[in-house]
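Structures incoming, each one as structure tokens.
Next come two complexes built around chain A: one with chain B, the other with chain C.
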Partner chain A sequence: MSNTKVSTYRERVEYLIGNSMRFAGLYGTGQGQSVASVFVDQSGKAMLELCEVVDAKVPSIVDIVPAAQWDEREAHDLYGIVFEGHEPLRPLVNHDSRLEKWTVATTGGDVYQVAVGPTHAGIIESGHFRFHVVGDRILHLDTRLFYKHRGLEKASETKDLTSGIEYVKRACMACSVANGLSYAHACEVILGLRPSMELRRVRTILLELERLWNHLNDLAQGCAGVGMAVGNAAFCYLVEQARQINNKVSGHRFLAGSIRVGASSISVDSQELEVLSGLLSEMRTSVESHWRELTFNSSFQDRLQGVGILNREKALKLGIVGPCARASGIIQDARNGCDWLAYDDFQPVLTREGNGDVKSRFEQRIEELWQTFDLLDGLLSRPISPANCDPTGVPAPVGVGIVEGARGQTTCVVESNGASIGRLHLRSASYANWPGVACCSVGNLLPDFPLINKSFELCYACVDR
Partner chain B sequence: MSSYSVISGIIQLVGGILLCPLLPGLIQKVKAILQGRQGPDIFQPYRELRRLWGKSTVKVEGTTFIYQLAPSIACAVMVMAVLIVPISNVSPSWGIGHDAFLLVGIIALGRFFMIGAAWDTQNGFGLMGASRDGTISIFAEAALVLSLTACALESGSSDLRVIIQSSAGGGDWASPVLPLALMAFCLVALAEVGRQPIDNPDTHLELTMIHEGPLLEYAGRDLAYLQWNASARHWVVLTLMVEVFLPHAKSTLLQLVALPVELIILCIVIATIETVIVKMRVLVVPRLLGIGTLTALMAIVAWKMAL
Partner chain C sequence: MFTLIRDLSKVRKLIDLDKPTMRKSLSIRHCDAGSCNGCEHELSLLSSPCYDFQRYGLSIVASPRHADVLLVTGTVTRTMREPLLRAYSSMPEPRKVVALGDCAIDGAVLGDNDIIIGAVEEILPVDLTIRGCPPSPDQVIDGMLELLATLGPK
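What follows is the complex of A and B.
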């Protein structure tokens, strides 16, 4: 952590970005007295830059780091901090009923708007999409999320570090391990704890199990997006199987409550382990056969190619993370070089083409599924027993946890206040990727949007924290 | 009037008006089985109709009589279409005859009022669906008119009963006219019944809707009318296919016996297509239907050359 003066803040950010550091979040802290921004270097080490707020104003860095646009808008809504140079500073969390406050004005004789949500026809979380359309082609898309902002970050303040996990795990069930683990790691850094080898193994298993069911679910949703009911049914069946495996391992179908600060109470004996390995290898065979069917279904493939292209340049600019970034050809995976989980010799995979269209996003997930099956195969070689952390004896005031969840890099920053939480900030992969959905929809057909959206398959709850 | 004529008339009325919901019901059931689900039984559309019939309708603020009348007009038009499409070569004329081109016009009239209703409500999704429906129907109608024309030219009359009579048996099938017209009509049939790859009747995705879009604002009895309308459309299109476009027997009895069997087979075929083929990109649909138009043109050319 380093403190920066207002006058040198932008220079410092420019310097960090110039030295191949990646932006990983920005938030208001100290009751709005300062702004903290997180940067990650190539090896996955995080760095915190604190900038003091003077007269409720801070220079904006959005021109240097476009990925910070949501973060700055959120900090403005939650703490009233004005980011000078961020024009127009549209509301994000604080919903303004006036349309001109949050949408981009589009004019022209044939332009019309289509408002979708926040209540949808299917079982979808709350989010409002406002399409500016000519004919069936999307000119611009404004998204409005944060309908169910629960103030979890605020509510967790003053709670002690171990019970803070209860707030983080409630942010989102689909990402409960990724979110929980990033929090747990941040707390362990603060407490001066280092996970034992067994704890690393258990956590890696949980994280990969979460990736397994999420990726399968993404593929099922992709099939639903083009009306491929049979593919949807096949993958939904596999999702259910994966959740039953989750239940066997952790006692919860969504693995909720499986992550604890500094310890793990999960135990799997050799008999149960054999059953699990059998189930996983069966599952792998079915995924292979279903994917083969989809690969050779030309009507399915026709829908994917060239739709919703997010090129490498745009993805880098917007700070897209996870499989969606890798599908655009960005080799970036927080599992690579992570020394506190059991990802020894991990190398991220990329799809062959990686041009950032819907097709490559689905293929990327399949490639990662094989990797996940391999990882689980290796990790589940011996029984799992309850595990703990070893003290390193070097406590810190602030901890940052960075985890590669199913949707990408999740960052959790915990500022301690004695043994309790001073400020908690959770920036999930969905938070980072939502602007990408809006960006790559432009120029596509309106009826293709559900498919584009499903190729990202982001959480609403993860941002409604 | 022969006894076959009376029987044909009874089957036409009972089938087209009362039994038509069984067709989408059967398609749903077969789809469910193909997807590994149990699914609701084939009588589910009747339960839906009963449920909707018991509910009150919704009057959208600011709408005019077009919105209110559209479901009834669409249904009246569909009843007419049921009467126009004969199920055998001796079907009764019901006082309106069996002219092929009257059928095309009648179907267009129903569509016109549904599009009008979407305009009336000013609902974005309704308008979107209506505009897509309008666009696609331009292409579907061309293929429909041309394929019917090919059949009419072959048999020398646009009266569907005469067409059935003259194309019965195997003789005419030696020339490519009828097979080409059938191919064109197959594509039209998928578009008209709103099935994949053209439209997805099961979708919950508002942005992809075509036929479902203009229905969004309707509830209760109005929606029941429109759902029956969609079922009757299955009957009209599939009966036309079985009796006019597909090879059929000379004997009236065989024509009547083959009808239910072939309808069931067609429903299974539609369900299978819907299972293995996904919905195509909306702008590609006109191209697909354009192929139908070209095929129908080829049928006419083939007829001309055979003269």
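What follows is the complex of A and C.
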């Protein structure tokens, strides 16, 4: 952690970005007296820049780091910090404002607005989309989330580090392992603990099982997005199987509660292991055959190609993460070089034509599914037993945990206050990627939006917290 | 065309199909009032081939105006209060409310009390609760069938 004066803050950020550091979040801290920003170097090491807030003001960095847009808006709404130069500083969490305050003004004879949500026609989380449209084409999209803001970060303050995981767990069920791991790792850094080899293996298995059901779900949703009921049914069946596997391993269909600070109590004996491996290899065969059918189904493929393109340049600018970034040709995966999980020889894969359209986002997930099956195959080679951490002897006041979840990089910062939480900040992959959905929808047909949205398949819950 | 509709029972005699035994159905409108998204992920498997809830007369409808049941997930946040009440008031009577999952039933387990209202029952009359975190799809179907059994002619 390093402290920066207001006068040199922007210079410092420019220097870090110029030296290949990636932005990974920004938040208000110290009761709004400081702004902390997280940067990650190429080996995955995180560093925290702390800038003091003077007269409730701090210079904005959005022109240097466009990815910080939502973060600054959030810090403004939660702590009243004004980011000078961020104009207009639209509300994000705060819903007590008029339409003109949080939407982009669009004018012209043929422009009209289509408002969707917060409640939806199917089983979808609550959130509002305001489309500015000309004919059937999307001119601009304003997304309004945070209907489900539950104040989990604030509520976790003063709780002890071990029980803080409950708050992170409640943020989002679909990412409970990724979020939980990022928190657990941050706490272990604070406590001066290092996961044993066995703990690394268990955690990696859990993280890959979470990726497995999520990617299968994304493919099911993709089929639903083009109205292909049979594909949806086929992949939903696999999602059900994957949840049953999760239940076998952890006693919970979403693996919730399987991540703890400093330890794991999961055990799988050799008999159970054999059953698991059998189920996984059957599943792999099914995915292979379903994917083959989808590949040669032209009515499915025709809907994907060239739709919702997020090119590499835009994806880099917006700080997109995970499979969606890789589908745009960005070779970045937090599993690469992660030395506290069991990803020893991990290399990120990229789909052949990573031009960032809906098609490449689906293909990217398939590529990653093969990788996940391979990883699980290797990791499940012997029974799993309860595991612990070893002391490193070097505790720290602040810990940062970075995890590659199913949707991409999740960052959790924990500032300790003795043995309890001083400030907890969770920036999930969905948080990073929502601006990408809005950006790549522009110029597309409104009826294609559900498909574009499903090709990202982001959570609302872990953004809203 | 209209004659055909009037004579539907006669028309159907041409087809050799048993009368359906399921005499009742429920149209469900889902509303997420502040969930962690686990309840939604389980709900979205209801229509999967393993559960196929439509064979029990259950379906998810696209508007509260078409719904018999408002199925609410999550603890109710202040921001979701209005949309939730609006969904309820758009429903034709008789209407039922189901609180799905521990959050919807118990309210703010965790979270900031200033921005959370709590359990669904704080603002709406709840007719049925389905426990679980999240309830699995079969538990959801069981709960809905329990509700269905209490409604209409026996």
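Note that in this section the second predicted complex is superposed on the first by the 463 of 465 C-alpha atoms of A that agree within 3 Å, B and C clash if a C-alpha of one lies under 4 Å from a C-alpha of the other, contacts with A are read in each partner's own complex, and residues count from 1 in each chain.
Throughout what follows, contacts are C-beta pairs under 8 Å (C-beta built on N, C-alpha and C of every residue); 3 or more make two chains touch, one makes a residue touch a chain.
None of these values were measured; they are calculated from a predicted model.
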{"item": "Which of chain B and chain C A:V226 touches, first, second, both or neither", "value": "first"}
{"item": "Chain B versus chain C as contact partner of A:A256, first or second or both or neither", "value": "second"}
{"item": "Touched partner set for A:P450, first chain B, second chain C, both or neither", "value": "first"}
{"item": "First (chain B), second (chain C), both or neither touched by A:F300", "value": "first"}
{"item": "Partner chain in contact with A:V116 - chain B first, chain C second, else both or neither", "value": "first"}
{"item": "Residues of chain A touched, compared between chain B and chain C (which is higher)", "value": "C"}
{"item": "First (chain B), second (chain C), both or neither touched by A:Y237", "value": "both"}
{"item": "Chain B and chain C footprints on chain A, overlapping residues", "value": "121-122, 233, 237"}
{"item": "Residues on chain B engaged by chain A in the complex (per definition of touch)", "value": "31, 34-37, 124-125, 128, 132, 196-197, 200, 202-208, 274-284"}
{"item": "Chain A to chain B touching residues, read off their complex", "value": "112-116, 120-122, 136, 225-230, 233-234, 237, 297, 299-300, 302-303, 445-450"}
{"item": "Chain A residues within the chain C interface of the complex", "value": "95, 118-119, 121-126, 146-152, 154-155, 166-167, 170-174, 176, 217, 233, 236-237, 239-240, 243, 253-254, 256, 459-462"}
{"item": "Residue ranges of chain C touching chain A (in the complex, touch as defined)", "value": "30-50, 60, 62-64, 74-75, 77, 79-80, 83-84, 87, 108-116, 133-134, 136"}
